[in-house]
Amino acid sequence: MNALLVLSIAGIAALFSGFSNNKKLTFAIVLLALAAVFTVNALDWNTSVRHFNDMLFVDNYAVAFTGVMTLTTFFIFALFVDYKESVEVPNAEIFTLLFFSLAGGVMLVSYSNLLMLFLGIEILSIPLYILAGSKRHTLTSNEAAVKYFLLGAFASAFLLFGIVLIYGVTASFHIDTIAAYIKNTNGQTPALLVAGMFMLIAGLGFKISAAPFHFWTPDVYQGSPTIATTFMSTVVKTAGVGAFFRLFAYAFPAITAEWIPTLAVLAALTMTVGNVTAVFQSSVKRMLAYSGIAHAGYLLIALVSLSSNPASSVLYYLIAYSVSTVCAFAVLMVVQHVSGSEEVDGFKGLSKRSPFLAFITTVAFISLAGIPPTAGFFAKFYLFSGAVKAGHLWLTIIAVLNSCIAIYYYFRVITAVYSSGSDSAPVELGTVQKAVMIVTAVLAVALGLFPEMIISLL
Amino acid sequence: MIQFLFYFLSFVAVAAGLMVVTAKNPVHSVLYLIIAFFAIAGHYILLNAQFLAIVHIIVYAGAIMVLFLSVIMLLNLNNDNEPAKSNVLKLAAAVAAGLLLVTFTGALKGTESIIAAQPFDDQIGYVKALGKVLFNDFLLPFEVSALLLLSAIIGAVVLVKHDLK
Amino acid sequence: MFTPELIFKIVLIVAVFAITLLIAMYSTYGERKIAAFMQDRLGPNRAGIFGILQPLADGVKMFMKEELIPNMSNKVLFILGPCLAMTTALMTSAIIPWGSEITLFGNTFNLQITDLNIGVLYVFAVTSIGVYGIMIGGWASNNKYSLLGALRASSQMISYEIAMGLAIIALIMSTGTLSMREIAAAQAGFHWNIFVQPLGFLIFIICAFAETNRAPFDLPECETELIGGYHTEYSSMKLGFYLFAEYINMFVASAVISTLYFGGYNFPFMNDMGLSSNAIAILGVVFLFAKIFFFIFFFMWIRWTIPRFRYDQLMRLGWKVLIPLAIFNILLTGAIIFATN
Amino acid sequence: MENISAQITQVAPLEHYILLSAVLFSLGVLGVLLRRNVIVMFMSIELMLNACNLLLAAFSAFHSSAAGQVFVFFIMIVAAAEVAVGLAIIVMLYRNIHSIDINELSKLKW
Amino acid sequence: MITIALLGLPALAALFLLISRSAMAKQIALVATIAELVIAVVAAVQFAQNSSVQFLAEYGWIPSLGIDFKVGMDGISLLLVLLTAFLMPFIVYVSFKKKYDNQAAFYALLLLAQTGLIGVFTSLNGFLFYFFWEVVLIPVYFLAILWGGERRVAVTFKFFIYTVLGSFFMLLGFIYLYLQTPGGSFDITALQSLQLSRETQGWIFWAFFIAFAIKMPIFPFHTWQPDTYAESPVSVTMLLSALMVKMAVYGAFRWLLPVTPLAVEDWGNVVIILSVTGIIYASCIAIVQKNLRRLVAYASIAHVGLMAAGTFAFNSQGLQGAMFQMLSHGIGAVALFYVIELIYEKTGTMEIASLGGIMSKAPRLATIFLIFILSTVAMPLTNGFWGEFLLLLGVYKYSAVLGTISTLTIVLGAVYMLRMYQASVLGKASAATQNFEDITFQETLILSVLVVVIFWMGVQPGIFIDVAKPAIETMLSTATQTVLN
Amino acid sequence: MQSLTNRKKVVSNKEMTWVEKLYLPAILGGMRITLKHIFSKKTTISYPEQKREFSQVYRGMHVLKRDEKGAERCTACGLCAVACPAEAITMVAAERKKGEEHLYREEKYAATYEINMLRCIFCGDCEEACPKESIFLTDRIVPADLKRGEFVYGKDKLVEPVDKPIDISKRQTPEVLEFKKNKKLTHNR
């Protein structure tokens, strides 16, 4: 709750810092603010308070997810210091929008009322619609914004109708009340409520870009400025999955039979579509978009095996995914700048041009691919073992097959890094940029070696 | 009388909605949508939600649709040069929407028994009652919606303003 | 079926309509006369004594003029535009309390067509849809000047609605009701809201000028730039409707301002003079109209004093001055309410 | 104003409200799928949101709980914010390509 | 503690190389590997000849999942650790003459791979096993892709995808097993004491088997192998053929047979048939190979096929044979690839057709080459003989028909090996071998070490067999107990 | 430079004070002014009913005078046309026939004499140039008309009616005459 407050203030402070025209000041303010958010949020640990007539329930789950998102945002902000891509929106505004978006994310992981879910999604999305289009004179960016916006609004409408139907049956927006109502029906769940639930799935599925609601993802990710793409693929996904998890863990645990098969199919579809399509991409950015879809699929497995997959494994997965993705995007930003393209070929010869960057790329993509000793491996490990435990063996097998496909395209990048390229000028890196890369890479490995740190949290 | 009103308004709303979707000229779509909004406002009044009705008019008819209209005028999109989609796509769209509707209709079964009408409280649509709920139970959402609006404002400015910086 | 209540209401509606139209008509006359006087002229004085029949002559002229509908225009919308403008202009008068209760033949009636519990919002809603008449007409003309006028009108009205709404919110905070009748009744005697909400009043009246497209905010129709703006292509009675709507709007805006800030039908010492309630009611109506006339005069006074704004100035005033001011006003009001409670 | 209906059920049964909303919602969906003009698609989405609003108000009346109506206000807020951003995006797009046909947006394809 | 030292030494050395980027990288690497060998020998000396797990080291890692860092060695492990430690100096030394870019990284990766291998051979926790299994892969991947031949990218890619695909299935199997254990543990004892139904065992068996089959490789999972062998740098080829293949066989020993004896009973015949088919198939292809390396690669498939057949025959002779053959095949593979590398260095080609007449130019090399080849074709007195003999015995015991067919491996092996020898070493000198110089004294010395070991093992196989025997017997008896129950 | 009228003001670019920025005092000032004008005396003259006094030297529509006997004074000498800076005057001369002596004072007369009133700038040079004291400018207003052609005034409109001589004495004040005299002198020199 306090995190939300600090975030809002931080957003406005960032906006005002734009008046000073001093970029360093702005960066200092936003980074300090994020640190403050992180601290304030951490202070809520183990308090479990229900705020504002039970609109927000800040339990450890919420605190942990908020922490992950804040941390990721911190990295992204830090990356912005040495950001080279031209964005036609002033920095201060971008930070403000990202702060607000993050605030939406915080709501999404701590809501206990469907209204907060809805508002959270909107607060999360609307700044991103703007950021997607922030390269105003670039057609691809325009296109990304339009697509994201239209489909986002479309999905919100579905989500909303779902909420309405659930309200119609249960007369409440509160997830505990809804859960209680469902429990009281003793298996005779009204069809209306189930319909509502499915529409919620559709709406939320859009946010985490689960197939078949994923069509926007590659276009939007590719068209948006890379910094926004990074945010979308990490924080937004974390928030979306957090919301998804919270909803189904708190509101619909009594009717698992209704939604588990659907979500399972969705998960399988999402993984397969994401991975298979990613294989054919020549643009790394687009490939990462599809990989993001695929990761959403894996995360849905966690949801399907809710009974045996505790929140901690989802949390761990999201941390691993976020850290690795930020790392990968950090490299991509540099490569984009030095080679002028985001194609796989742009990565060629990187090992000659900057062994450091090559190493970071390797770590990031190995972690994304889920190969030990990185965090990505344990993330998958926890998820899969949970799924097997819950008896979704076939789903796990599909996931495993998909992981192999994933390795194919992730390693294509690594391979490119180590193959010879045409350009051989050394690559200059900013200090902050370098620091972020190092920290994220170290985190990706350290979390892989000591997963217990996170797992024991929740 | 009231029942007749209900069906009349429903008819107007649906017909106008259909016209929104099918009208060639975007301006006509806007106008039909306004008609639909007025029909919906009528429904609100039938539901004793006068405050809602009036706010609906202010926000939707008074602000949102005006924005639509002015953007359409600004961009001069009145010429209906939208090339028709192929019939297959049209059919697919219609089928998809139809299926959705069928699903809803199916889900309707037995609703009456689930939602027994409560003893009717005719005060809930009043400003006083709504205000109490809004500022007690829903205070937080009310406050956080400020973030939403602020980001929308920032967005509108940064995206369209001619000379940034 | 025909209760005295209903009959009274019907009579009232007819009367209000008639009076509104009459006043609108004579506002045109008043406008010209006042303009002339301020410019040391005499104004119209040929038709009837002091030119008192001039509005009739104008009306007849309007009717007699040729109906022109531009070839490339959208016919239906072209006609719909002025109709909408007229309709929305007339709608607001429904909730204005023209006077306090009056007792006739043993029945007590309210001198108000209908008392909505959200009357202020009703005013607001009707104002906000008033722009459609202009926009549709301007667009349907298929003329760039008309279109520009319509666009200006829409953005101007939307922009100023915000400040207006915020000003009203401060008022509502201090009155505690949304009903026009209750707001009026609460200002009995000399407890007018203008003394409570001077800043709010200032904002409100500026916004009222903008909402009625009156000078100095008459950019949608400014002749020097847009040769008449949204009604460039209009002629005959359709043009008449537009012009008429503007004057009706002015009248209604004056009535709303009087009711909200200047005590409506209340006048000082009304209860201390030992008058019967009917007498008070009738005197109240008279006073209300006096206030309304003053404000109509005020509208014209301003028009012939202050030059027209430039468009960017208009927007800057609306967004950068009035809205912050209105928000400040709300905060101030809140603080005062908090302090006094 | 006097209340229109003293007993909500005398207006229409709840099913009819749900059906009406469902029809409007489906019309909105149809519009989004059918049209290529971004603005009309956007309007269709508004129609969908309004279907939700109507249904919320109806449920609120049938449940005699004000929460539903309050929710509608938030939907309106969201709709307003979306319109501001959406139209800004559309205007920005139009400035670049002088069209708002969704099919013109095909630069990003694999 | 000694296990930790075995694990830590190459890892630390690798780390040192990576950080210091020393110009003396190859020397440091060689010293490290030799030091490792010394430690391994010390371990072997201290080893008590029984079936128990010795040199145990156990630390908590992820307690919530029952994952511990638990390493230790029994006889089987010890032998393979010894093998690894023994072969690594050769693998490092063979690249000494190569001028690699960024050689510090090259040797560091080699040492990392060694760490992984030792880890695989010593880990006593299922998860740890899997962990090291994947850890081996990464340095190998980079070694191959950075320093490989022209087609390295595509080939290494294929290899990588194949093996990772397999290992994921293994992971799945482990997870399943883990979930079956009471309280949840990956510990070897917990896994081995599981009482699973026949059907479940079948699924687990296949999950593991695919991983192992790809790694070994068994027909039809072998398609990655010849290309990879041909395109990788010679060190990597040695590493792959001599050591990584053993990971799979070892995995079967340690994790498959004891856990799923019922499935082995059910599916063993399928596996053996596959293996035998593979033997014939690979041998036939080897006969028509024109490239030395590819020929050895196919030969390797054939030999590994026999090892697999022996393993899954699941009897004392088969297992011990497989155990012994692992050692001799490892040494043999390193020896052969070393010689081929030497020839390649001097002639610049590996095409059999363009070679010939080496005998006359370089009698020392030709002699040593012959000894290696004889060892490969299981000539008595060489180490190859005992391995193949025991294996064939085991397979024969399992099924007379299959046993008879697998005998072909020796026959066909003799055919292609001797044909190769004849074509490349004997006969007239060709253009490529015109100026062939014999190997130096130093090289002779190094190769002689291998020759000595080959003969030592051929003469005194008992020493080696006895080390692993108790462990194998215990395993077998436990498994038989389970089957009978 | 010192301004001659002493009304010169230097435009200032100084920042407005806060009160000035409010504009309200300025607006109220403006409103005070307009309000004051409502009650001030109106300057309108209701024209047909009321008429304004012309100045003595007003130069209006021309007239071609006749002599005491009623004969036209103009001899079509053309000096007026020459003098006209706007070239508004044209004429055609003709010889007097027998029996026309009562019509034209001398042997030559203007058969047509036209002034284009749209061109005429009412400078009065024709009047000064005329040696026969025939053409004069009067205080009459040139009436409005609908067509341009109607503004070319011929003799029918210019020559004064016999029975209704047009009084030009009001303009011919001593000062004017004196001025004319002097001017003529300069002209002749």
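Chains here go by letter, A, B, C, D, E and F, matching the order in which they are written, and residues are numbered from 1 within each.
Criterion: contacts are C-beta pairs under 8 Å (C-beta built on N, C-alpha and C of every residue); 3 or more make two chains touch, one makes a residue touch a chain.
No experiment lies behind these values; they were computed from the predicted model shown.
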| item | value |
| --- | --- |
| Contacts common to subunit C and subunit E (chain labels) | none |
| For subunit C, the least number of touch steps when starting out from subunit A | 2 |
| Result of counting contacting C-beta pairs for A-B and B-D, higher pair | B-D |
| Label of the chain whose CA centroid is most distant from the centroid of subunit C | E |
| Most remote chain, CA-based centroid, reference being subunit D | F |
| Chain at the geometric heart of the assembly (C-alpha centres) | A |
| Distance from the mean Cα position of subunit E to that of subunit B, given in whole angstrom | 70 |
| Between subunit E and subunit D, distance of the C-alpha-averaged centres to the nearest whole Å | 66 |
| Length of the line joining the C-alpha centres of subunit C and subunit F, rounded to whole Å | 51 |
| Between subunit D and subunit C, distance of the C-alpha-averaged centres to the nearest whole Å | 32 |
| Multi-chain contact residues (two or more partners), subunit B | 50-51, 55, 63, 67, 74, 104, 108, 111, 115, 137-138, 141, 145, 148, 151-152, 155, 159 |
| Set of subunit C residues in contact with two or more other chains | 116-117 |
| Of subunit D, residues touching subunit A in the complex | 14, 18, 21, 25, 28, 32, 38, 41-42, 45, 48-49, 51-52, 55-56, 59, 62-63, 65, 67-68, 71, 74-75, 78, 81-82, 85-86, 88-90, 92-93, 96-97, 102, 105, 107-110 |
| Interfacial residue positions of subunit B with respect to subunit A in the complex | 103-104, 106-111, 114-115, 136-141, 144-148, 150-152, 154-155, 158-159, 164-165 |
| Of all residues in subunit C, those that touch subunit F in their complex | 34, 36-42, 45, 301-302, 304-306 |
| Touch list for subunit A against partner subunit B, complex | 4, 8, 11-12, 15, 51-53, 55-56, 88-90, 93, 96-97, 100-101, 103-104, 107, 113, 115-116, 119, 122-123, 126-127, 129-130, 133-134, 136, 145, 165, 168-169, 171, 190-192, 194-195 |
| Complex contact set, residues of subunit D against subunit B | 1, 3-16, 18-20, 22-31, 33-37, 39-40, 42-44, 46-47, 50, 53-54, 57-67, 69-70, 72-74, 76-85, 87-92, 94, 100-101, 103 |
